[in-house]
């Protein structure tokens, strides 16, 4: 663990990733103190300052009803990160358990689980989430549900592949010979070997959940106004290109910065842990 | 050859199974939504008679399995029902909008392969050098933003500030092209109008590139990772011991074995592109499935949603079968599977 | 007297890590005369395999590699050559046989295809028909039956022993003056290994190629080599004619190695003494060659 932290801090790219992610997380958590205009997270109108290009105190400009874009980005990060945490907290255990089961068990249970993941994986992720969001109501909870639904099969597949490989290894056969119970073999013997790739994938996915969620709200199928959201900010601002460029460019870059940060760390972790995607 | 035929048969069988699963999944989601689907679709202003009529048309009073059976039997006759949004058969709608989307996705897919693979190869060839670091950062940036952000940025830079490309549409108004395939890059050629072809290519360049960017990054990263691994194999050391040039080793001895594992993921990235096309189309006002898809989703137009998702999934499955066949054809281990000792 | 095919003088090699520096070769001096068969014997990790890669010039470009000393090939100092000139020697004037034949041949190309490209190192414009004929005659010389089928096969379709013979044929096909053989056949079973080594010996003799044979197996070395160098932790500890080294080992390490040869008559494997007197000076039997001793 110490070694991993040391390597992360020594490599300039992963260090940059840590800096970006820390900045995003701090900005989201302490938005109430950092944001110059915390009240702009909601349905506030200030027509005296609307559609301002970046200037002081609006370092990223203001939107069409005069809200500070920088403040709204910080609060939007809050929603994005929350969404990322919730999606992974639900999707990863589902994927891990189904993957372990499918990889270790033989016959029809394995077949059924893997064909179900095939079904989910053969609908383009965004299209699946869009359909679910549209058919349900576009709320934050449903957004989490929709993104989770498209996310767990990837973990099933990952854990399935590792389990299939590890099943043949001597230490698993030894445990079986000694009469260890199936749960013991799955969770105590095989699961620890799945952890490095899972950890790497989770780091990368944290960024990609943010990316997908912003795509949903860009299409109007995500979090609804007045809750600040990076995707809908870009969508709203795109109509006013090129003159009011700050309406789109800053929220767009905000997505890029967050996802890039998580990807840098995920990449470094992959190099260190030697895990494959 | 026996092995190949068997592979095709097997993949087609699995794909059909998966497609049935997709239809059941979407069907289930569409039917378990709270409330009366017919009422939701028609809105609060519709009369009860209208709602009742729609319920009969959609057979909502039947049991779920019966509804699904009816849907499948209609589907097998090529009938996806009528869209409530356009009042036209869903198949007609899809036939109108799908080609524009597919054209965009295929051009983007081609860009992903033509730019992403060579970048990944260069990166691995110069591992640890500045070229590698540059390509790694650029490709990581590529995958770190959603397509609509790239679309907006590219549009701002290359359509507004530097007016090199058009900001919207598939082709300039002065060209009237009869739709034959629906792919303008093909139809213009069929019509023998090279200027119109150029115009269409000029229109598709920016949206396709925006759509391709994350795929390019992904393909480059993957190719690099696989090739770096290949570079550590004994057969690369042996090629070096025979004095083959580094360029030749990269292009011939290291790239080919690395391509095979990359291709599977590139096939999956294609799926992402089919979805992301919705985002790019929205930015560039591209007349594809996006506007239709979002509109029918927002209106909870069940037939149209089901039809759109099915068609997109089928496209994805077909492309993936093609990728699998390509892999089998490229990989001598599969091609000569029956001859292994 | 012509210049030795290979003359290595006072060669040092170290790998520099992030914080540490590991010296792998310490002042290695070694010669191989034209047509001579020389063995370099040592345990794994003794630095013997990196030596072959240094001669080929495969290691020098890697990060963290520090080399000093001098390697002469047929009278030319290799470090004076440009990279292109140095690369031009590989595959033509020097070639190498690797430990694991099946994974050293490229899985994506047929044997015939790979053979063709190797032959083109000498004759760039060689057509595929001629190449096929030449390859076939070389496969005949390494006693491969059914040559047409083998040439049309991929490495994974052939047995390890077959691939080993293919590799030997490829390595000698361009009449190199030096063949580096890095533990050839260790991946194969013992009888197959003995057969292929015998083949390699005869063929090298026919072609007139000098061989630097790298091995940990003293039994094999005794059959194969004219002269022997014993390497231990990057130091040459003993050198001389094979008969001298085996008959009258001077260095405690060599004695320990010789004692460790398993005897088929069955006393089991004797223990290698834990403590070897490393301060013992190197022993150079008088060979009459350019060696200082």
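For reference, chains read A, B and C in written order, and residue numbers begin at 1 within each chain.
We take it that a residue touches a chain if its C-beta (ideal position, glycine included) is under 8 Å from a C-beta of that chain, and two chains touch if they have at least 3 such contacts.
Owing to the predicted nature of the structure, the values given are computational and were not obtained by experimental measurement.
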{"item": "Graph distance between chain A and chain C, where chains that touch are linked", "value": "2"}
{"item": "Chain separated most widely from chain A, comparing mean CA positions", "value": "C"}
{"item": "By number of C-beta contact pairs, the top two chains", "value": "A-B"}
{"item": "Intercentroid distance (Cα basis), chain C paired with chain B, Å", "value": "52"}
{"item": "Mean-CA-position distance for chain B and chain A (Å)", "value": "22"}
{"item": "In the complex, chain B residues that touch chain C", "value": "128, 233-235, 237-245, 253, 256-257, 332-333, 336, 339-341"}
{"item": "Residue ranges of chain B in contact with chain A within the complex", "value": "14, 17-19, 21-22, 24-26, 29-30, 33, 137, 140-141, 143-149, 152-153, 155-156, 160-161, 265, 268, 271-276, 278-279, 282-283, 293-294, 297-298, 300, 305, 308-309, 312-313, 316-317, 320"}
{"item": "Of chain C, residues touching chain B in the complex", "value": "56, 58, 63, 87-92, 95-96, 98-100, 103-108, 110, 117-118, 121, 154, 156-159"}
{"item": "Contacting residues of chain A [partner chain B, same complex]", "value": "13, 115-116, 118-128, 130-136, 207, 211-212, 214-215, 218-221, 231, 234-235, 238, 241-242, 245, 248-249, 252-253, 255-256, 259-260, 263-264, 267, 277"}
